[in-house]
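Note sheet for the following structure.
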Amino acid sequence: MISFTLAGTDCDWAQGLCSRLRETRNLSMRLASELGPEDMAVQAMEDASPTKWHLAHTSWFFEKFVLERYIESYAPFDARFNYCFNSYYESLGARHPRPKREILTRPSLDRVLAYRRHVDLALEEFFDGGLAYAPESYGLIETGANHEQQHQELMLTDILALFAANPLRPCYRSPRSHNPGPEPRAQKWIAFEGGVRRMGMDGEGFCWDNERPGHEALLAPFRLADRPVVNLEWLQFMEDGGYDAPSLWLSDGWALANRERWRAPLYWEHCDGQWFCMTLEGLQPVDPAAPVAHVSYFEAQAFAQWAGSRLPTEFEWEAAAQTAGREANDLGSDALRPLPAGAGAGMKQMFGDVWEWTGSAYLPYPGYRPPAGPLGEYNGKFMVGQHVLRGGSCATPSGHVRASYRNYFYPHQRWQFSGLRLASDAS
Amino acid sequence: MISFTLAGTDCDWAQGLCSRLRETRNLSMRLASELGPEDMAVQAMEDASPTKWHLAHTSWFFEKFVLERYIESYAPFDARFNYCFNSYYESLGARHPRPKREILTRPSLDRVLAYRRHVDLALEEFFDGGLAYAPESYGLIETGANHEQQHQELMLTDILALFAANPLRPCYRSPRSHNPGPEPRAQKWIAFEGGVRRMGMDGEGFCWDNERPGHEALLAPFRLADRPVVNLEWLQFMEDGGYDAPSLWLSDGWALANRERWRAPLYWEHCDGQWFCMTLEGLQPVDPAAPVAHVSYFEAQAFAQWAGSRLPTEFEWEAAAQTAGREANDLGSDALRPLPAGAGAGMKQMFGDVWEWTGSAYLPYPGYRPPAGPLGEYNGKFMVGQHVLRGGSCATPSGHVRASYRNYFYPHQRWQFSGLRLASDAS
Amino acid sequence: MISFTLAGTDCDWAQGLCSRLRETRNLSMRLASELGPEDMAVQAMEDASPTKWHLAHTSWFFEKFVLERYIESYAPFDARFNYCFNSYYESLGARHPRPKREILTRPSLDRVLAYRRHVDLALEEFFDGGLAYAPESYGLIETGANHEQQHQELMLTDILALFAANPLRPCYRSPRSHNPGPEPRAQKWIAFEGGVRRMGMDGEGFCWDNERPGHEALLAPFRLADRPVVNLEWLQFMEDGGYDAPSLWLSDGWALANRERWRAPLYWEHCDGQWFCMTLEGLQPVDPAAPVAHVSYFEAQAFAQWAGSRLPTEFEWEAAAQTAGREANDLGSDALRPLPAGAGAGMKQMFGDVWEWTGSAYLPYPGYRPPAGPLGEYNGKFMVGQHVLRGGSCATPSGHVRASYRNYFYPHQRWQFSGLRLASDAS
Amino acid sequence: MISFTLAGTDCDWAQGLCSRLRETRNLSMRLASELGPEDMAVQAMEDASPTKWHLAHTSWFFEKFVLERYIESYAPFDARFNYCFNSYYESLGARHPRPKREILTRPSLDRVLAYRRHVDLALEEFFDGGLAYAPESYGLIETGANHEQQHQELMLTDILALFAANPLRPCYRSPRSHNPGPEPRAQKWIAFEGGVRRMGMDGEGFCWDNERPGHEALLAPFRLADRPVVNLEWLQFMEDGGYDAPSLWLSDGWALANRERWRAPLYWEHCDGQWFCMTLEGLQPVDPAAPVAHVSYFEAQAFAQWAGSRLPTEFEWEAAAQTAGREANDLGSDALRPLPAGAGAGMKQMFGDVWEWTGSAYLPYPGYRPPAGPLGEYNGKFMVGQHVLRGGSCATPSGHVRASYRNYFYPHQRWQFSGLRLASDAS
């Protein structure tokens, strides 16, 4: 466990950055602590990466974007790691192909952990020297910490994909109680007014480039469900032939669902007359009252069609989130699975539990400019063919998301904790 | 050539429908008149269809949506044709797979032409009986005519794809003069005000479901180029390394361009130090002043990035088109290729010449509802993963498009007459 | 119809060559005479070629190997045809890719027929000049005629593949009587002695390079079935779960049969409780007494395993064929389908009806040398991964095969008239 | 390390079996001893398996074929391992798909090692009880030991494939001296008489089913090179354009070599004007005098064509091997790479160094019968599409091969230590 100290700096924000960085770096290690070296070496599929690769890549990020840039005397831990652990930055040189990351059994886990320590020590010295607080380097360190948080969520979803493909269905951690909850509370519609609303990030705090610039959007009056769609409702969709009714589906989704024989959300298995779902605590009975997860955009859209509703736009979601409570079943809650909504009125579970598919394609905001330099590749170059998800999940590190936060995946992808909340026109 | 007559009806709109239908049906035949039966039998690739299939499918459309529905005594020409010539209507039963349409060497061309005559005669009787003018059937006939116009454009782009793949590079028609024009006129920026604008179709006339409902959209002030990007500019992009610069490209586009070794627009060939383009009149020198065509969304976006601009949104385009002139180099002009802009001020070539890629994903408008019945499959189920193109091309039948018209293709597709017009923020 | 005449030559073998060539060239035209231009333009799959391509390629063969070589003044009909109609001769330059032969809608059928006439006329002049009878050119003309015969069989099997994929199941020719025959005659075993036997072609007559050199092979005593396996037996194999029993199958065959869901021979369809087979006369009831056709090596091997037998080696087959009768249900019989065995004792149907899979891989004979020049590519370069079939089929031109004739296909291929005859060790 | 003891048995063959088994089981552990758990978890490609899987599968083999069969009280270590570690035995139930073996990060390495110990202990008790020496169980134990030896070679070739794909090019073991040797000795031809020769295994000792039955084969007089083709000669082939000359290649090989851009044997890399080869000791300069390895059948055949020779048949090879010396650079020599031939006359390196491709397809011998029961799937079901290799390699455990031993791979496969020896007709 690392411990960044601050030499002669006692202002709050500097303390804050230092402690956030320390906590983030430590959390990555903690998330991997129960895994064996083999678990950390393999990727379940092309979209996923080995845990070890995540641990190395997040260190490479600091090395490349902070240490090599600001510390003249900094010696890279191993010059060849730039090839191994660059994810997709064309401007930073050639890189190992993503679908083959598991080939990297060397560097070994031990050596990757040494790499992490090397980077942590250099960051500590950087803090000690006080240089970390210059605006530019401060921003890059904050970016690095947020970047590592994103990979923490991926570590969990990728290991779940790996264990779900393993015939032994191993547990990431020992199962805690999965008492079947009570019936889910009925969904209620909450009405929102239309009008011109401010969207995206205007202020000073950290955010990703794709949340900027703040801008105005015109909303028609709309309604949102007070909670995400739950498993009981998804079972009703299945029983009503949802996976057999082409009229509900987008054409590409229907073709894919048939080709891959989708009959239920990813990770669901039918055993002895009951539905189970593979979770980070192994195969567990589907909880009727918990939000459905691991559904694709195609499935989410078909469900909404079946329900006579639609998916919200990302701006409808954001308008609602601007006033919603921030309490969340996120990674900090340590449930590691979506939980039933609590009691009470108003919008619930806008943050945490499941990422919520929106009907909005992932596109640049008006006036969007990617940052200069390699970080310009971070979000902008993916702005085609994907849809926006909002709100974070049970695997998202605490404090990582906000109302303007935009996640994005392809319409066919299912291995994230992705669910949905219904919307409809107010009329 | 068919000749629909009107028994005892002399009101204008009835005459109009009748003559439009007659012209449309005849035009399909005329477009195919120079092709041999083999040319009409083969599809160049999965996205394209054989000419013969287009001729049959457009007849099937009338048979299925009009004749079988409204004429009790109507006998289908051949019951098996429903399987052969249904394109993608899940609700109308099983169908022959699209990538294998060329397997249908039977029914022969002669029999398909007999099918067309059978349908034409039945439609004529329908008109004679006066039944065609009831609102519902009127609408379906108009839909059928517009549907056939869409396939007329596809007949041309599909035959071009076929001939471009043929080592003999045959001509669809004898080449006319391709005098290298003068230098292209310099592009000028036209500024447009922002504000809330009415978009889509509010009125009564024919339009597709995806243009409805009319609704309001909020625009920031913007500028549009007065003409599409021309080949000379595209050559400059190429010479400046546009196809070698990952920083200009979306990630998926860069991967595809490398995998398929794109070095120029589709159909361009470099021979003896000069660029040629395969056209409906065979291989012709690239005209520097004509709008570039046969570029994908990925290429269009990279070009705009290179030019320091961006693609317009579909609403920016529509706002500009609402006041633009309607003159167009379309199929009625019979040039069969994009032409240089004419002289004069103001927005040019908003209609005709090339479909213009917009930065907008093809999504439903707020409040969109697909029509009831099989026609609900016409546009709605394709609303994912595609981008909107606007304005029609040199292969679009005259009168087919309007300011609110939305065409859509996948970001990788290039075989249409697809080009681009630049936009930028007004500031 | 062409008519080669012989100026001042009356020796028998010259007359023979001339008439064989004339008949062969005319037969190709006759085989195509019932097809429409579209039927002749499309290939059902990568392994098959369009009829038109066969007609052109066989002419190109004479142009390239005879006319251009021996007639100094010969002007190729169209220089670009070398690219279009070269099949696989690397030494003769680049060529149009095989899976895309149908793209060649131009040259049109008319032009291909003109090409044939052009070549025929040049050959006629070549004969008139007496030059055709020099040993080398004589051999090449004979090769060309045999080559064209091979393509005649392919014309039939390729058009069958095309029509079998067409949902209308069209007929290549009007169906003649398909009276269900009597029960098949029981299979009898014929014993053959072992010993060193002469195999391949020793003599002077025409044969392919892969039949040479004649050489000795050692055979153990063996038995052969007196007739090929018939459909009734194949139905018993199916009913006994032959397609569900991995223990009968080679590993690669089992994997393929499952992937492609083989449940019966290619072209078999189960309708209303009865098995039908697509034939050149359309969909016809399976004749229990006729030899099974359209089975792969994998299926043939599984059947033999199920029957407690094995496939013969190609030398066992050849030893038996050396003394068998030469009467054959081949293309000359004009049945266009395998027929039940006739009465009488002894080996039957060694020639014609169905090509018989052997257990022998297609490999060079000891001392094999490919011919010098481009014809060296004719047979030698395919000597890996394929199995030998013997005896010709109902679609093989009369006189084309002999006891030493070696056909070869990949173990998965099924679109030929390929069947099997059982063998077993004599003990 | 295990130590099988023999209770009350002192006959030689029993001691022999016991000690061979012990040595074999220990050798597997020793081969894995330098690898980290991650190295043992990943497979480089579909053809390769993770080391851990090899360790488990070879134990499963004993469990399934010996322990469960002969020890009534035997409790399987984990019933689910039958699904995990069955390789391809259809008759033993469903199994984990081969291309996904690396998904099995659980069971962990520790647990697999415990599995090995569990099986070893049970085998020890089986020996103690004296039951291991009944003929049938004796045979199965011997089969299990030979099976494990095969997997030992695969462990080495599979880890080499993994490390060769790793950008760090790690070493399986520390490099020993790779002094560039002297020029290779000139190849000499050794003549062999023709005639009827006895092939395959007639006697009593252990052999695989595919070596039986012993039978007679007829050989024409032939000559064999006294040593395998060496790297210097391969370099000459490359410099002479061997990889660019379609006339040398089989058609399928030429297509593959172009598609995959083969320019040299697998694992060869050109750096700074010199050729290196990835070995178990990392990237090393190519030794001109050592036998070439990691070539496919396609390449071997093209080389032989280029050299004006051919590959030997498997019977020519076996006839020569029947009298050749048995000394071998095999796994017992611990060189882990092919070495230059030693001095002296006569046939050299018939055993060890590199597996030698033969021109013979892998087919059953006359009278071949697979064993009854699941072991019938061991060799027989792969008898299509592959070619026979003979003689063992530097990675083959000592004592594993013999003159009649038949290895087999597909013509495209290159990751084994596969080379070639030239043959020619004696004339």
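Read from first to last, the chains carry the letters A, B, C and D; within each, the first residue is number 1.
Just so we're on the same page, a residue touches a chain if its C-beta (ideal position, glycine included) is under 8 Å from a C-beta of that chain, and two chains touch if they have at least 3 such contacts.
Protein identities per chain, from UniProt: A, B, C, D = Ergothioneine biosynthesis protein EgtB.
The structure displayed is predicted, hence computed values, not measured ones.
**Q** List every chain that touches both subunit A and subunit C.
**A** B, D
**Q** Taking each chain's centre as the mean position of its Cα atoms, how many Å separate subunit B from subunit D?
**A** 60
**Q** Just give me the whole-number Å value for how far the CA centre of subunit C lies from that of subunit D.
**A** Centres of subunit C and subunit D (C-alpha means) sit 39 Å apart.
**Q** Where the centres are mean C-alpha positions, what is the separation of subunit B from subunit C, in Å?
**A** From the centre of subunit B to the centre of subunit C is 46 Å.
**Q** Give me the residue numbers in subunit C that touch at least two other chains, ranges are fine.
**A** none
**Q** Can you identify all of the chain pairs that touch?
**A** All touching pairs, sorted by chain label, are A-B, A-D, B-C, C-D.
**Q** Would you tell me which residues of subunit D are touching subunit A in their complex?
**A** So the residues of subunit D touching subunit A come out as 36-42, 44, 52, 80, 83-84, 96, 100, 102-109, 162-163, 165-168, 170.
**Q** Which subunit B residues qualify as touching subunit A in the complex?
**A** Listed in rising order, the residues of subunit B that touch subunit A are 88, 90-91, 196, 215-218, 220, 246-247, 249-254, 297-298, 301, 359-361, 363-364, 366-367, 376-377, 381-385, 387, 411, 425.
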